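So, here come the structures, one by one.
Heads up, the next two complexes both have chain A, just with different partners, chain B and then chain C.
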Partner chain A sequence: MATRYAFSIDLDRCIGCQACVVSCQAGNELADGEAYIHVGEQIRGKGSTLWGSFDHHRCFHCADAPCVAACPTGTLTKWNGLTVVDREKCSACGYCTDACPFKVPHIVDNHVSKCVACLDQVKEGQAPWCARTCPSQAIHFGDRETILAEAKAKVAALKARHPNAQVYGETQLGGLGLLMILLDAPEVYGLPVDPKAPAAMQVWQNVVQPASSGLSVLAAGVMGLMFVFARRQHGKERAEHERVAKEEVARKTAQPELKETQHD
Partner chain B sequence: MLPPGPTGKTRADGVRDTFLRGPTAIQELIEPMVSGKPYPIKGLLIYGMNIFHTLPNQERTRQALRNLDLVVSIDVLPQDHIAWSDVVLPEATYLERFDDVWACAHKTPYIALREPAIEPLYDTKPGWWMARELGNRLGLEDFFPWATAEEFLDRRLSSAGLSIEKLRSQGGIAIQPGKPFMADFAADNTSPFGTPSQKIELYSDALAKSNLAPLPKYEATPEPPAGFYRLIYGRSPVHTFGRTQNTPLLHAHTPENAVWINDEEAARLGLQDGEKVWLENQDGARSGPVAIKATPRIRKDCVYMIHGFGHNAPGMTRAHGRGASDTALQTRYVLDPISGGAGLRVNFVKLALGN
Partner chain C sequence: MTSATLAPAVDTVADLTPAVDPVAVTATHLVRRYVPAQQVIHWIGVISFFMLLLTGVALLFPPLSFLAKGGTSGVVHRIGAVAFILLPALYMLRMPRKALELVRESFTYGREDWEWFKHMPGYIFGSTRNLPPQGRLNAGQKLHHAATFLMFNSVAISGLLMWFAKGQLGPDGLSAIVIVHDISMLGLSVMMIGHVYFTFLYGALSGMVTGKVSEEYARMEHRKWYESLQPETPGAAEKTEARSAE
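Here is the complex of A and B:
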C-alpha cells in the first residue's frame, strides 16, 4: 500500500520566525514575491487577557481536495496523500482558487501557486524544506498515521494547561494532509470547523465538467479567431516594444547603471 | 574610587575610571576621538560593524570620523560608514572564504568547518588574508606563522585529532555526545563563575569594594516628557542586526520596520494603522517616514521598532531609505557603571504626520 504522507504544525512550538517561509522560497526557487507559506500574527483579548499565536496559511493537502476536483487540466492531483502540482499543465483558469475552502491557491505569473510538498525532496527520501528548516521543531512531516499519533500525544500533554487543545484536520475533507496542533477551538484561530467545497462545485462536477468535452470543440474555434486578431495586435505591439528598447539602451549608455552589490 | 588596573595606565574608553570592567566599550571611544583626551586617537579600523547603526549620537560619531587621520573599513556591504572611510577593503562573503572553525561546548559539543562554497565573485579578499598581509607589512610576521587558512585550520584541528580532510569526509562537522554544563568543572573541582565563592553571587563583595551596589538596586529612569513616548527597540527573527535588510529574500519578506504604538493611543492621536509618520526625539533628531503599527501589544507610554532599518547608504540598493532607524533617534545613553554597556532606552520621541 502506498504511503499516505502528512505534515503537522504545532502552534505551541511555533515562534513565528518565518524560517519556513524563506526556506520554502529559496528551496523551491520561487519567483520574486511568490510564497507558498504565509505566517501571520493573531492577537486576541486586551491587557491582562491579551494573547497571541501565529497563523499558518498554506495548503492543507485535503484527502478529498476540492481544488483537485475542480482542476480541468490535471494540474492538481493527489500523490500519496499530498496535493501535488504539475505546473506545465496549468491554464491559469483559477477554478482552484474558488474551490479551496481555505482560500490557499492563487494565480501567480499565469500559473497556480501553492505548496507543492517539495515533491523532488520527498521522492529522494528528504522532508520538505519547511519541516527541515524549522528551528523550533514545530513542523513535522512523515507517514500520516505516525504524524497523527504524535500530534495526539502532544495534545494529551497540552490538555493540563490548555483544556481545549486539539488536533485540527483528522477528519475534515476526508482527513487533512496537514494537521494543526491547536491550543484552543478552531474558531479561535479563524479555522472552519467543517470546511466544505463551495456549493457551485457540485454543479461543476456533475454538469459542467462532463459537458466540457463538447465545449472544447467550440472553444477551439473561438481560439482560432482570437489568434488572427491577436497576430494583428502583436505586430503593432512589437513595433512599440522595439522603440522603447532603443530608448532604454540610449538612456543606459548615457547614465551607467549602479553595479549589483554582493551580500553577506 | 575604582581600583587601578594592573598597568596603572588610563584607558581611553574609561575602563576602571568610569566603569568597573569589561571588554572595550566602543561608544566610550567616540569622545576621546573628538576631545583627544586622555590621549589622542588617530586611526580607526572598522571590521564588520556598522557604526551608524550601533553607536548612539550619530552627530558625535560624524565629528569623531572627521577628526581621525585614518579610517579603514572592512565590510561585505556598502554600508553607511563606508563613505566616511579613507580606505575600504571589500571582504569576500562568508560563502567565498575560510573562517575559523566554529566550536561549541557543553550541551551538544561540535566543531564545524567553515570553508568557501565558491571563489569570490569580485575583487574581494577574506578577512584572514587581510589580517595576515597587513600584519606582515607591519613587522608582525611572528603572529602569522601560517601561509594559508588551510594550514592554520589543520594545525588547530590537529589538537582535537581532526583535519580539514577528516571534517570534509564527515560532512564538515564533528559532533560529540554532550554533557551538562557543570560536568566539566565538577571533575577538577573548579568553577565556571570566576567569583571568590566560586558560586553565582547575588551579593558581590567585589562590587562592594568598588563602591558599587553589591545587590542590584533599582534606579528609576527618567519619564518621557508630555507628548513624548519612550523609544524601545528589539529584533525581528527575520533580520540580523543592521546587516540583512538588503538581502533579497529577507528584504522581500520584511522590507521595512514599523513603529508600534498602543492602539488606543493611536486612536486618541487620530492615527490610522499603516499611516506614515516621522519620529523626532527630545534633541530634535529625526527618522522616517515609517508606518504606524497600532497594536494592543504595547504600553501607552512607549513606542517600539525593530532595529536595523533606515539605511542611508545609496549602495544598499534595496534597504536604502526604507523604514526608520532607532539609532538615529538615540542621542543619549546611560553608561552602566559595572560593564560599560550603553543603556539606550532613555530616549523619547514624538510622532509627526507626513511622508
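Here is the complex of A and C:
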C-alpha cells in the first residue's frame, strides 16, 4: 500500500511568526499577494480569562476531497494522501472554490491557488517548506500513522492545561491529510465539526458527467444510423408524391406532355 | 386556418396533393417560411449554442480538458452565454407578435397534435403519409420548442448563478447547480441533434438559409399552413410571400 502522508500543526507550539507563510511563498515562487497559508489569531476574554491562540487556514488535504470530486479538468488529484495541483490543466472554472467545505481554494491569475504540498520537495524525500522552516517545530510532515500518533500524544499532554484540546481531522472527510492540534473545540477556530462532501457531488462526477457525454454521443450515433433508413423512406415518398403530381399535370394538360411523363 | 374537427387521416398518396395550379406543382416553387430577422436570430443561436457546447464539453469530458487550460475557454463560454441569453429578448424586441405566437403555439396542443404523436415513429423514419395535416408548426416542433423554452431557462439561470455567485454557492449549492446545468444542456444537445436530423431528413435547411422552403415540403409537412397561404389566383407568388412574411 502506498504511503499516506500527512501534515500536523500544533497550535500550542505555533508562535504566529509567519515564517511558514513566507517560506511557502518563496519556495513555491508565488505571485505577489498570493499565499497558500494564512496565519491568524483567536483571542477571547479579558484579564484573567484572556485566552488566545493562532490559527492556520490552509488546505486540509482531505482523503475524500470534494475539490477533487468537483474538478472537471484533473487539475486537482490525490497523491499518497495529499491533494496535489497540476496548474497547467486548470481552466479557472472555480468549481473547487465552492466545493471546499473549508473555503480554501481561490482563483488567482486564472488558475487555482491552494497548497500544493510542495510535491517536488516531497518526491525528493524532503519535507514541505513550511515544515522545514517553522522555528518552533509546530509543523510536522510524514507518514500519517506516525503523525497521528504523535499528535494524539501531544494532546494527551495538553489536557492538563487545555481540557478541550483535541486532534482535528482524524476522521473528517475520510481522514484529513492535515491534522490540527487544537487547544479548544473546533467551533472556537471556526472549523466545521463534521464537514461533509455532498453526495450530489459524487452523483455529478460519477453519473451525470459520464451520462451526459455518453448519451449525447449515443444520440448522435443512433440518429446518424437512422438517418440512412429514414432518408431512403422519405425519398420513396417524395418520388411517389412527384409521380402523382405529374400524373395530375398530365391529366389536366395536353397530350404531348403526357408522353414525356410516361417516359419517366 | 384552424378547424376544430380532426381531418381524416390521409390514406392515399393522391390525397396529399391539394387542388392547386398544376403548373406550380411541377416547377419547384418556393414558399417563404421565415423573415430575414428570424434567420439572423436563428444563426446567432446556432453559433452561440456551439460556442457554449464545445467550451462546456471541455469541462465535462476529461480527455478534452486540455482545451480548457489557461481559462480561455471560460471567456469564450461567457461571450457565448451573453449572446445566447439575449436571444429571446432580441426576438421579443424585434418581432413581439411572432415571438409571443411562437410561445403560445408551442404550449397549445389539440386533437390533431395527439394524432400526430401517434404517428411520430413513422415520421422519425421518414414517413409523412399517415400524419394529420399540420399547421405552421407540427406537433413535434411544438414539443421541441416547449422543451427548449424550459431547458433554456434552467440552463441560463444555473449558468448565471455559477457566473455571478461563484464562491458563495457552497458545496451543496454548487453540486445542485452543476447537475441542473449539465442535465439541461444534455437535453438541449439531444434535441439539437434531433433538430438537425429532421432538417436534413426532410430537406428543410433552405428555410434558414434563404428563408424559403419548397412547396413540396410545405405540402407534405405543414399542409394546413401551406393551404392557408394559397393565393387566390395562379401565379401570384408575390402575394404568397407578402402574406407569410408579415
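Assume the second predicted complex is superposed on the first by the 201 of 264 C-alpha atoms of A that agree within 3 Å, B and C clash if a C-alpha of one lies under 4 Å from a C-alpha of the other, contacts with A are read in each partner's own complex, and residues count from 1 in each chain.
Methods note: contacts are C-beta pairs under 8 Å (C-beta built on N, C-alpha and C of every residue); 3 or more make two chains touch, one makes a residue touch a chain.
Quick caveat, the model's predicted, so the values are computed rather than measured.
> In the overlay, answer first, second, both or neither for which of chain B and chain C A:A185 touches.
neither
> Please indicate which partner A:P72 is in contact with in the superposed arrangement: first for chain B, second for chain C, both, or neither.
It touches chain C, and chain B stays clear.
> In the superposed arrangement, which partner chain does A:A157 touch: chain B (first), chain C (second), both, or neither?
neither
> Between chain B and chain C, which one contacts more residues of chain A in the superposed model?
C
> State whether A:G16 touches chain B only (first), chain C only (second), both chains, or neither.
The first partner, chain B, only.
> Kindly classify A:L50 by the partners it touches after superposition: chain B alone (first), chain C alone (second), both, or neither?
A:L50 contacts chain B only, not chain C.
> Which residues of chain B touch chain A in the complex?
Touching chain A: residues 76-78, 93-94, 121-122, 124, 237-238, 243, 246-250, 252-253, 295-297, 314-317 of chain B.
> Considering only the defined contacts, which chain A positions touch chain C in the complex?
66, 70, 72-74, 88-95, 97-101, 103, 110-111, 196-198, 200-201, 203-204, 208-209, 211-213, 215-216, 219-220, 223, 226-227, 229-235, 237-238, 240-242, 244-246, 248-249, 252-253
> How about chain A: which of its residues touch chain B in the complex?
Chain A reaches chain B through residues 15-19, 21-22, 25-26, 32-33, 43, 45-47, 50, 52, 258, 260-264.
> Quick one: which bits of chain C touch chain A in the complex? Just the residue numbers, please.
13-14, 16-17, 22-23, 25-26, 57-62, 65-66, 68-71, 73-74, 124-129, 166-176, 178-179, 182-183, 185-186, 189-190, 193-194, 197, 200-202, 216, 219-220
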